[in-house]
Amino acid sequence: MLVNTRTVRIEWGDCDPAGIVYYPRYLAFFDACTSALIERALGMTKHEYLKAYDFGGHPLVSTRARFLIPTRFGDDVTIETTIGAFRRSSFDVRHRLLKDAQLAVEGFETRVWVQGAPTRGTMKSAPLPPDVIEKLSRG
Amino acid sequence: MLVNTRTVRIEWGDCDPAGIVYYPRYLAFFDACTSALIERALGMTKHEYLKAYDFGGHPLVSTRARFLIPTRFGDDVTIETTIGAFRRSSFDVRHRLLKDAQLAVEGFETRVWVQGAPTRGTMKSAPLPPDVIEKLSRG
Amino acid sequence: MLVNTRTVRIEWGDCDPAGIVYYPRYLAFFDACTSALIERALGMTKHEYLKAYDFGGHPLVSTRARFLIPTRFGDDVTIETTIGAFRRSSFDVRHRLLKDAQLAVEGFETRVWVQGAPTRGTMKSAPLPPDVIEKLSRG
Amino acid sequence: MLVNTRTVRIEWGDCDPAGIVYYPRYLAFFDACTSALIERALGMTKHEYLKAYDFGGHPLVSTRARFLIPTRFGDDVTIETTIGAFRRSSFDVRHRLLKDAQLAVEGFETRVWVQGAPTRGTMKSAPLPPDVIEKLSRG
């Protein structure tokens, strides 16, 4: 499977009064990393790939995360993102956030590939295009 | 168990280009709802209860969420929050986010009660005070 | 002019490691308050009024803010929002954020009324509908 | 004056239902850019420089911004940050956000150098250390 690696600087504004990351920010990092993985596999920005595949996005069905080591502003962390599994119209994404080469946060997402616009209430799942699966599966 | 109910207006700024909530915002709502539950049980703001119990907060060990129905800006949703379980120094919190009386999002958190300051690296778990357990357990 | 007043609880997640509000959050509060003012004047949610007036929104041309008194998590603040001025296709909004009846933050926005979709590059300014001006001008 | 340049990818989660950046995110970018400028001048992370100079941070007194060209997810923008002026215990920061070499957003901040902890109500302004001024002034 393709692995995308991104370095993120934890900013002052990502942290809460305890001085550590406000955890919803991790989920925002992970969301951007999922897009970055797909962007890299397809060689397009998200803006481009939504158009190219004429679809409405890949919203979450479920997510879970484990927080092992706190991170704080000034830390540079590395996030490794890869696909866990493909199903007909959904897929799993795994994120490993490393601080000083140690696993600090682990995230798991199940996402669905949707056609139509959620805002118009026309959102429905659609099969993942075979070439998307193929490109995300390359090592 | 005590249940805290909060109504949240989904704002334009909570939503993404698909017009639906950007899901890390749900986690932020849930975090505020956990604090609100404890505030209500103890009759103090979070600022006050951190001082009163001389502790560093209740950071997450893990979280998971299921997204069943999308919400969009202008929606008023209701979040019901309650304790799932107590352990010696950790506890589980459950959130049910309802839109038009239907379960739209479900969140689960495991949190640890900590002493000391995470920023100084002195954070460690501590037993939950008995009166906190008792006050959160009242129906 | 119509004045809309909203009470906002400053949450843990709105604050930075100094324990005070991370200031971009004030701008997010103000954005929601501008929508709330228009919602109240028109008797519709933002979702509804974007449709009813067939327009693309009221993005900012400029903003400025002054920060006089810090606020911290647990504070309940009051935000008073009103229109400062109308022009042909733009308008000014003023926000006064009060803490314990004292002015803590002051915000000013100039917004443009736009037709079309910014994402498609078709966004252009349009005259403010007379009834919108009239409804926002009522005391 | 020292100029710090940072490239930022506009993410899906930075954007609102109009598909363009939710403007408080610009302020968050600018805040991180101010810290990055100081970090670069002093050769320390913010975490380190708060300790080294034994101070409480550089909160905003006021800010203003002009929004000229919208940006959307997938855009890579460049932010140039420099000091506008120094005063005894405050300083001005200017940010120029460029999209395709065109000025898209301009931001101005006045910040105060503070000693003590805002949360304990002991925050007060302090003179900027001469070596900080000297290091930020280098071209």
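Letters A, B, C and D mark the chains in the order given here, with residues in each chain numbered from 1 onward.
By definition in this document, a residue touches a chain if its C-beta (ideal position, glycine included) is under 8 Å from a C-beta of that chain, and two chains touch if they have at least 3 such contacts.
Everything numeric here is computed off the predicted structure, so don't read it as measured data.
For the pair subunit C and subunit D, chains touching both partners: A, B.
In terms of C-beta pairs in contact, A-B outnumbers the other of B-D and A-B.
Each chain gets a centre from the mean of its Cα atoms; for subunit B and subunit C, those two points are 27 Å apart.
Between the CA-based centres of subunit B and subunit D the separation comes to 31 Å, rounded to the whole angstrom. A straight line joining the Cα centres of subunit A and subunit B is 23 Å long. Taken residue by residue, subunit A touches two or more other chains at 12-13, 17-19, 22, 24, 28, 31, 72-73, 119, whereas all remaining positions touch fewer. Interface residues of subunit B facing subunit D in the complex, by the touch rule stated above, are 12-13, 15-19, 22, 24, 72-73.
Across the complex, subunit D meets subunit C through its residues 18-20, 22-25, 27-28, 31, 56-57, 59-67, 70, 72, 117-119, 123. Those residues of subunit B lying in contact with subunit C across their complex are 9, 11-13, 17, 28, 31-32, 35, 45-48, 72-74, 119.
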